[in-house]
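In the two complexes below, chain A is the common chain; its partner is chain B in one and chain C in the other.
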Partner chain A sequence: MGTSFDISYVFDYFVKLLPYIRITLTIVGCSLLIGLGIGLLVALPRMYRIPVLQRFSQVYVSFFRGTPILIQLFLFYYGMPEMLKLIHIDVTKVPALYFVIFAYALHTGAFLSESIRGAVGAVDRGQVEAAYAVGMTGYQAFGRIVLPQALGIAIPVFANLVIAVLKDTSLAFSLGIMELTGKSQTLPTMSQHFFEAYLSLALIYFIISIALEKLFFAVERRLLRYEGDRDRDGRAASGRKWLNRRFSGRLELQKEGARP
Partner chain B sequence: MIRLTQIRKSFGRNEVLKGIDLTVRKGEVVAILGPSGSGKTTLLRCINYLERPSDGEIEIGELRVKCKHPSKQEIHRLRGKSAMVFQQYNLFKHKTAAENVMEGLVVVQKVPKEEARKRSVELLEKVGLGAKLDAYPSQLSGGQQQRVGIARALALNPEVILFDEPTSALDPELVGEVLAVIRKIAKEGITMIIVTHEMNFAQEVANRVVFMDQGAVVEEGAPNELFRSPKEERTRQFLQRMTPEAVYSI
Partner chain C sequence: MKLDPAFIWTAFIELLSAIPTTLEIAGVSVLCGILIGTAVALVRIYRVPVLHPIASAYVTFIRGTPMLTHLLLILFGLPMLIDAVAESLGIPFRSVSIPMIGFVYISFSITEGAYMSEVVRSGMLAVNRGQIEAAYAVGMTTPQALRRIVFPQAFAAALPNLSNSAIGMLHATTLAFAASVVDINAKAQIVAATNWKFFEAYLAAALLFWGLTFLIERLTALLEKRINSYNRGGVA
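Showing the complex of A and B:
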């Protein structure tokens, strides 16, 4: 590197990076939104044990949980135009950002479908029975009783997923996307103060993560305001355990695969 | 009127209900007694199709459903005619006491919100919870939760209310308040089927007592008759086990 540390660059880069938060958050937001739709669609066949579709959604989830996001990005970026060419759709003019969002959405959808399944399964069976006993239809019972409770249960997992996606978007630079990380690579080419650029980059990710964490905590408190303190603490603890398992899952899945 | 004809239910190879016949007249209070595992809960749950009977016929009011191949619509209508009070209360956890009582009125019966709220307040006052309208279930004692459960059932104005051991999950000191509420509404001529282990309560509140064992009705009759001079040996043995004298003599 050859340049000595200069804190003024940290401030300078910090400010220069700020506008690129928009791109990063766009990727996060869009892929979460689309991923939520995909996740719900994919979770349904498994929750209701629909024969063939269930198998498909299982394969989908294992694939996206079991392969690195970077490889998924490349597969989509280089593979999809080729595939689409076969059916005579030309996507060579579509900006890379769309491929990136699509890849992240599928990736997020896989994790979300698992969280949704877990959360819906965690709602007490007696709640549905009470809804039926009151005379509700299946849809009413799901929409008015199960889903609101499942959302509350899923929030801590969802929060971690959002933060994980936020950090994962840093890989999009490898396809030349000018989000936070991409920009931080180009900023110091003149000054050679790379370390300062990465430091400001880390700071920005860190601040966004903390803000998201606080936000989700507030949402969780609001969604679960009906729970007694005792319930909440107990559930939060077990939720966290479950969540740790989920997120170390990316590594564990490969181990699982090796098992006979 | 409710008429069950030859209700059968199997879980796999295990036949839990072996052809139950039971008729309950309008305004009648029927208590179902029987040892644990005799199929009391399953029978109640068949009446509102929380369990799907394998065979038989259910008639509530003018609705008559053949259990073998019911349509979705028949199941839905059947559920609309009964209400259930659960052993574990099963209040909607994310809704306040008042919202719990309103929910069925608003969502199922399409009663306007304000009217439903008014009715909900009346009913909660009736079960002694006028001060707990906006409390969540987690903020209520078991006895209070079960009283909300009873108000929720009453709100639907059903043909019959099904009680499945409504006091079994309660601490002993809370049993009295719930029984008092059931006693009160029994006097108002609401049709009820109550599964219970509270013998004194059953004797006092029921017009008729049904004794079940191993998936069949063994004996039924007026409370005084059945408790004082049961005809069947199995009934006698069960009553002996359940009465306090027997407990003291251990």
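Showing the complex of A and C:
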């Protein structure tokens, strides 16, 4: 410290940090993609109540939701090479970025599996029965009827999760990843203007969050376009409606999943 | 290097000494967060003229940026501000005399306040409008109606979110290492630094956090049962 606030550094660092958005977004994107796969895999045994696997997925979700992401990061960073050595795979040369992505993917997968369960559970049971009544098979009913509706319901929860993952990636610096936060800590070592660097860092995160939120809102409107009245409601009191749906979506997670 | 189960236990015992710090940080920030959150929620619900846009901006900004950046901004910005003010007023007080954990409390409370304001707001909006009208009808003032009628019901409605937020805060205390405060996470690092068994130490830390989270969930479930006992559906 000992340096006085200088606004010009904020702009300077803002521009210098911009290229590192790519790494942050890479972590977010990759972990979300892998997390979606894991989430779906983990949600299925619980939705269909498969005896032993159901227990496993319960413990998995409980562990990853019950421990801090920072602890998980360190756990994977230090633990994975040792575990893999036991089955004679040497990963000491693999960059830390892969471990970070893997840890975030497992973390995200646990949360995603809950939102998938909640969203599928929120689709009206009568919809599935109607699908069966017109002669669809189980897969057809799921793919054509349940999934499109569940997607629309899941979008607000999913959007929150994406933004949460974006904010969580700020912890990757602790394993030496040069993403936005990591860079913002090394940039001002010469000038000692740390506060200005962190201010521009916060601005960048803020802009990305807002952009993501707008994007998901547009996607949600598109997915729910067939529900005319709900859409009109949403526009009338958007803030409050969004909030209600957000929280009711989260509360839904505590109910047991559906058995389509 | 092989997994050393005995060291997990050793680390676990050592980590127990860091629990008070972690719980203190989490407790203080959740309590201050609820206070800030309630104030902000009231400002936003009643649309208080000047404060309303400020409150909205505060919530949006905090929720749109990572908690780590808040901590870093407070850690580097607040001393600058305090020193500048103290110097201009001629007070000999300097920010160096503030312990690091103080900055952690301030920063985490600010973060938690924004998240809590949404929890409080959704809880209050969940209370039926007729309830407050009935309170006015029997002659209560607005503060009375809020305190006696709205808040108890809002608390019951907000409890699941409240506990989620508290658990989130418990997990977020791991960030305190950035301010060199020795919480469970930092303690795990210290414990492992002597013999390089980081995996075992972090496994112990993970188990500890898992246990604490489970405890909070159980307590909330108990509290929820107690608090919702008036709600007997069609029976009443």
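As a convention for this text, the second predicted complex is superposed on the first by the 229 of 260 C-alpha atoms of A that agree within 3 Å, B and C clash if a C-alpha of one lies under 4 Å from a C-alpha of the other, contacts with A are read in each partner's own complex, and residues count from 1 in each chain.
In this section, a contact is a pair of C-beta atoms (placed from the backbone, for glycine too) under 8 Å apart; a residue touches a chain by one contact, two chains touch by 3 or more.
Predicted model, so just to flag it, every value in this text is computed and none were measured.
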Quiz item: Is A:145 contacted by the first partner chain B, the second partner chain C, both or neither?
Solution: first
Quiz item: Between chain B (first) and chain C (second), which, if any, makes contact with A:14: first, second, both or neither?
Solution: neither
Practice problem: For A:226, decide between first (touching chain B), second (touching chain C), both and neither. | Solution: first
Exercise. Scan A:194 for contacts with chain B and chain C and give back first, second, both or neither.
Key: second
Quiz item: Looking at chain A, which partner touches more of its residues: chain C or chain B?
Solution: C
Quiz item: First (chain B), second (chain C), both or neither: which does A:68 touch?
Solution: second
Exercise. Applying the touch criterion given at the start, work out whether A:126 contacts chain B, chain C, both or neither, answering first, second, both or neither.
Key: first
Quiz item: When the two structures are overlaid on chain A, which partner does A:60 contact: first (chain B), second (chain C), both, or neither?
Solution: neither
Practice problem: Could you give the residue numbers on chain A that contact chain B in one complex and chain C in the other? | Solution: none
Self-check item: chain A residues within the chain B interface of the complex
Solution: 124, 126-127, 129-137, 140, 144-145, 148-149, 152, 225-228, 231
Exercise. Mind listing the chain B positions that touch chain A in their complex?
Key: 48-50, 76, 79-80, 82-84, 86, 88, 90-96, 103-104, 107-109, 136-139, 152, 156
Self-check item: chain A - residues contacting chain C, complex
Solution: 1, 4-5, 62-63, 65-72, 74-75, 78-79, 82, 85, 163, 166-171, 181, 194-195, 198-199, 201-202, 205-206, 209-210, 213, 240, 243-244, 247, 250-251, 254
Quiz prompt | Residues of chain C defined as touching chain A within the complex | solution = 1-3, 60-61, 63-70, 72-73, 76-77, 79-80, 84, 118, 121-122, 125, 160-161, 164, 167, 170-175, 185, 188, 198-199, 202-203, 205-206, 209-210, 213-214
